[in-house]
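Chain IDs A, B and C follow the sequence of writing; residue 1 opens each chain.
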Amino acid sequence: MARRISLKTAVNEAIDQAMQLDPTVIMLGEDIVGGAGAPGEMDAWGGVLGVTKGLYAKHGDRLLDTPLSESAYVGAAIGAACCGMRPIAELMFIDFMGVCFDQIFNQAAKFRYMFGGKAETPVVIRCMVGAGFRAAAQHSQMLTPLFTHIPGLKVVCPSTPYDTKGLLMQSIRDNDPVIFCEHKNLYALEGDVPEAPYAIPFGEANVVREGRDVTIVTYGLMVHRSLEAAATLAKEGIDVEIVDLRTLSPLDIDTVLESVTRTGRLVCVDEASPRCNIATDIAAQVAMHAFKALKAQIEQVAPPHTPVPFSPTLEDLYIPSAAQIAQAVRRTTGGK
Amino acid sequence: MSNPASGNPCVGIIANPVSARDVRRVIANASTLQLTDRVNIILRALAALRALGVRQVLMMPDKVGISSLLLRGLARERTLGNAMPDVAFLTMEITSSAEDTRCAVRLMRAAGVCSILVLGGDGTHRAVVRELYLGSTADAPRIPIAGLSTGTNNAFPEMRESTVTALAVGLHATGRIPAERALAGNKLLEIDVNGGAIRDIAIVDAAVAFDRFIGARAMWKPDNLHSLFLAFGEPTAVGLSAIGGLLQPVSPRAPGGLAIRFGDGRAGSAGAIELTVPFAPGLIRSVQIAAWTAIEAGQALPVDLPGGSMALDGERELVFAEGDAVTVTLRENAFPTVDVPGCLHFAAQHGLFRHPATSQ
Amino acid sequence: MAANNPFPLSRDALLGCYRRMRTIREFEDRLHIDFGRGDIPGFVHLYAGEEAAAVGIMSHLGDGDRIASTHRGHGHCIAKGVDVGAMMKEIYGRKGGSCEGKGGSMHIADLSKGMMGANGILGAGAPLVCGAALAAKFRGKGEIAICFVGDGASNQGTFLESLNLAAIWNLPALFVVENNGYAESTSRDYATAVNSYVDRASGFGLPGVVVDGTDFFAVHEAAGEIIRRAREGGGPSLLECKMVRFHGHFEGDAQTYRANGELEDLRANHDCLKKLAAQLTSAGVASAAELADIDRQVLALIEQAVVDAKAAPLPSAADLLTDVYVKY
C-alpha cells in the first residue's frame, strides 16, 4: 500500500526495514541517536535533521553515536563490512569527506580489486548534499563527481521519496561500498511510497518526463528545477524529455543515448561545480557515442566555478535555476 | 672526584624512560608515569640543585624521549631567564637497554660525580647499584645515590617530591652536611652462580621461580614462586617484599634479612599457612608459606631448586639449570644513599636555609 | 607440558613458532636477493629481524581473530597463516597469488585467515580494526582484532582517533606499535613530540605495555595477557614491541642514516631467531640438529615457492577489468 510520505521519512523507513530484515545491519554516525551520555533523553536528535529519529527505540544499540572522528568511525564501518556486518555510516555532510577520504577511496573502494576479488565491503556511507540551506561553503557542496571518479565506489543520488527508499534498500543489500547522497532541500518533499520493503536496481535511469525535442539529463534537486523549466517550455511549444540518472555510478548511459538519439538535443544539468562534473561526463559520452544524432551543440547548466556563498542573495544566484535551464534549452532549439 | 665542598660539585642524573611500562599495566591497572611527568620531575630537581649552588649536572642520554623533551624544557627555562645548572649529556652508545644505565654509571664515576640522582623503579635502582657495587674496587670511593620512584610498585626508591630530594642531594654535594650525617648505609643481596661465574645483586628481593625463561620479566603469578630472599620487607610495601613485610617485617636499616619458602600450592600441606598480600598494585593474592627464617649477613644460602629462574627486585633476570650452584648472600652497609629526611632535619637544626634579611 | 619443558607452550607449539619465524626470515632474505636481481617489480618492505613480534602475538590467535597490517606486512601474513606459495606468487605479480597479482607486496590479504590486508597507507588499518572489533563484539564469540602500526604511523590522526573510539566502545581491539626506531629514514626521536606510545595510550585511558620485541617469550607472554583481557571483555590495550629492522625501509635503501656498525650489531646481538634457538636448545626442548632440520625444510619450501611463482601464469588482459565491483 502506497501512501504519501516525505523523502526524509523514506530514508528512515528504509533503514528501519533493512534492520528488521537483516541483523547484520548496524548504523554509525554523529548524533544519529543523539544525547548519548548526556543527562537528558536518548534519541534526542535522531540525526542533525531528525532523519533517523525513532530508530533507536526500535533497534537499540545497533545504532551507535560516534565521536566527532570521521576517519575512525567511517573506517570502522568499512572494517566491520569486511567482517560480516552491513554497516551504514552517516557522514553528516558530504563536505566532511575530506577528513576521512583515505578510508573511502584508498580502503573501501579498492579492497575488492586489490585483494584479487576475494573481499566484499558492503558498506553504505549516507551523507547530505547540495546548496540552498544557507549553510555556506563547507556544508553545501555537491561533490558527487569526486566519487564517480573512483573505481570501486557506487554513487547514488535520488530525487523522490519512492526512489530514495528503493535505492537505499538496494544500497544496504549491495555488496559494494555505496556513497548515498541525500539532498537536504528535498527532505520535505512528499510522494507516494509503498509500505512494504522494495529495492530499485542500480544503473537504471528514470525518464521522469517524456518529450520529443530536447533531452535534459540530471539528478537530485535539479530534476525538480528541470521539471519546472519543462512546464514553462511546454507553453512555448518545446517538448522536453527529462532523464533522472538516479545512480551516477553505475551510470545508465544507454537510456541517455537512446533519448538523445531521438531528440537530437542535449542539456546537462548538474548542481556540482562545472569542471569535470557529471554533466561534462554525460556531454563527453554523448559526443563520443551519438555525435551524429546531435542537431545542436550540447549545453551545460551548472553553478559558477566558485565555492558556495553564504549570503542568501548570492546563494540563490549560485544554484542553477529553472530559468537558466529553460534558457539553455532554448539555445539548443534556436529559440523555437 | 668532585668531593663535596670542592667548590664545583657535579651531580649525575639517571632517569629511566621505560620503567613502569611492564605487563602489570594490563593485569592490575598499575600506574604509568608519563614521559612529560618524568621530565618535569627532573626539571624541578634541577631547579633545586641550582638554587643550592650545583652548577654542573651529567645526564644519561636516551633515544626514548627524555633527552629531547628535557632539552626542549631547558631551552624554555633559559628563554624565561630561570637559573638552571649546565646539563651535559654523557657521550655514550645508546642501546635502549639496562646496559645504558650501567654504562652511564661507569662514565659518571669516571667523571667524578659526588652523587647520582636516580629516577626509576626498583629495577633501575638495582641496575645503578649493581654497577656501583660489582664494578668498583674495594678501596674506591663510594658514590651515594638518591632515589625517586616512578611508580607504585617500588620498595626501594621513595615516593617523594623531587624538589625535596634534590635539596638533600644539593646540601650533601655542596658540603653543607658532613657525609656521616648525610648518608645512610643499605643492605643488598648478592647472587652467585657456580662460584663467581655469574654475579648479580638485588637491593630488595631475590625470588626463585619455577619458570625457566625470562619472558615478560615481571612477576605476577604467585603459583610460580619457589622461595624468596629479602634484604628488607615492610608491611607498607606492595610487591614481593610485602610478603616478608606482612609475615615478619625487617626494616631497611635493621640488621639481617628474611628467607621464605613457599608451599607447593596444595591445600593442607604440612605446616603451611596462607598469607594474603598485595602481590602487585591492585592485585591482592593469597600465597602459601611453608617456612620462613631470619637470615644473617655474610652467609651464602643455597637455592635448592634444580633449575628455574631468579627474579631480582621483581623482574626475572637469570635462568639456571640443574647442576648450577646458586647462592644468595646478604650484605650489610653495602652501598650509601642520601638520607633525605636526615639531611633536611640537619639543615633545619643548623639553620642552613636561614639568611640575614636583605634590606630593600 | 612435559616436565623437561620450562616454557609456557608445548614442544610442538614451540617448534611451530620457530618454524614460522624461520619461514618469515627465509622468505624475506630470499626476496632481498631476488629483488636485487631485478626479478621482483615494485616496492618491497622486509620484515626480517622483527619475526618474534608477529609470531609471538599471532600464536594466540585463530582465524576468527582479525588483524590489519602495514606496508611491512609479509611477516604478519605468514604468522597469521597465509599460504606462503600464494604470497610469493603475489609478490611476483602472478595468477594464483593471494590477490591474483593485483595487490602485490603492499596489499597481501587473506580474509579467510582473518588477515585484512597489508596496507600502503600508514595508519589506515587502525579504524578498520575498530570495525573488525566492533563486528566481533556484535558476534559475541570472544574474537578480537589487532592493528599493527610502526612507530612512524603512530603519529597519524587515524591511529589516535582509533585509540579513542576503541576506548569509548570498549572494543576487543589491540594496538601493536612495532617500534624499530625508524619512520622510513627519520628517527623516532625527531618525529615524535612525546616519544612514548604507552603515554599516548594512557592519554585515552588504555593500558600500555612495552616488551623486548626481539624476545619471543617476552612478546608471547605479554601478548597473551592483553589478548586474554580483550577476549574477556576487558577492552583495548597497546603493546609496544621494541624491535630491529635488518633491512632498509624498502629494498634498495642504502641506509646511510644508520650509525656505523649498527646493522652488524643488530644481526649479531639482537637477532630474535638466534635468541629463540638458543633458548630452545639450552633448555633441552630441541636439539640444534632438529632446528637445522626445520631450517632445511623451510629453505626448501621457500625455494619451491619461488620456482612455482616464476612458473605461474601472468595475468591476462581480461584480468585487468575484473573484480572492481562484486556486481556493477
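In the analysis below, a contact is a pair of C-beta atoms (placed from the backbone, for glycine too) under 8 Å apart; a residue touches a chain by one contact, two chains touch by 3 or more.
These numbers were taken from a predicted model, which means no experiment stands behind them.
S.K.: Among line, ring, star, complete and other, which one matches the pattern of chain touches?
M.R.: Per interface graph, the chains form a line.
S.K.: Counting C-beta pairs in contact, which comes out ahead: B-C or A-C?
M.R.: A-C
S.K.: When the C-alpha atoms of subunit A and subunit B are each averaged to a single point, how far apart are the two points in Å?
M.R.: Each chain's C-alpha centroid was found; their separation is 66 Å.
S.K.: Between subunit A and subunit C, tell me the centre distance in angstrom, where each centre is the average of that chain's C-alpha atoms.
M.R.: Taking the mean C-alpha position of each chain, the two centres sit 40 Å apart.
S.K.: Subunit B to subunit C: how many Å between their CA centres?
M.R.: Taking the average C-alpha coordinate of subunit B and of subunit C, the gap between them is 36 Å.
S.K.: Which subunit A residues qualify as touching subunit C in the complex?
M.R.: 24, 26, 64, 66-67, 69, 71-85, 87, 102-103, 106-107, 111-120, 151-152, 154, 174-176, 202-203, 250
S.K.: So in the complex, which bits of subunit C are touching subunit A?
M.R.: Its residues touching subunit A are 66, 68, 97-103, 107, 109-112, 116-117, 119-121, 124, 126-132, 134-136, 138-139, 145, 157-158, 161-162, 164-165, 168-169, 322-328.
S.K.: Mind listing the subunit C positions that touch subunit B in their complex?
M.R.: Within the complex, subunit C touches subunit B at residues 6-8, 181, 187-189, 192, 194-196, 198-199, 202, 207-211, 215, 217-218, 220-222, 225-226, 229, 237, 240, 242, 279, 282-283.
S.K.: Provide the residue numbers of subunit B that touch subunit C in the complex, in ascending order.
M.R.: 17-18, 21-23, 25-27, 29, 32, 34-36, 63-65, 67-69, 96, 210-217, 307, 319, 321
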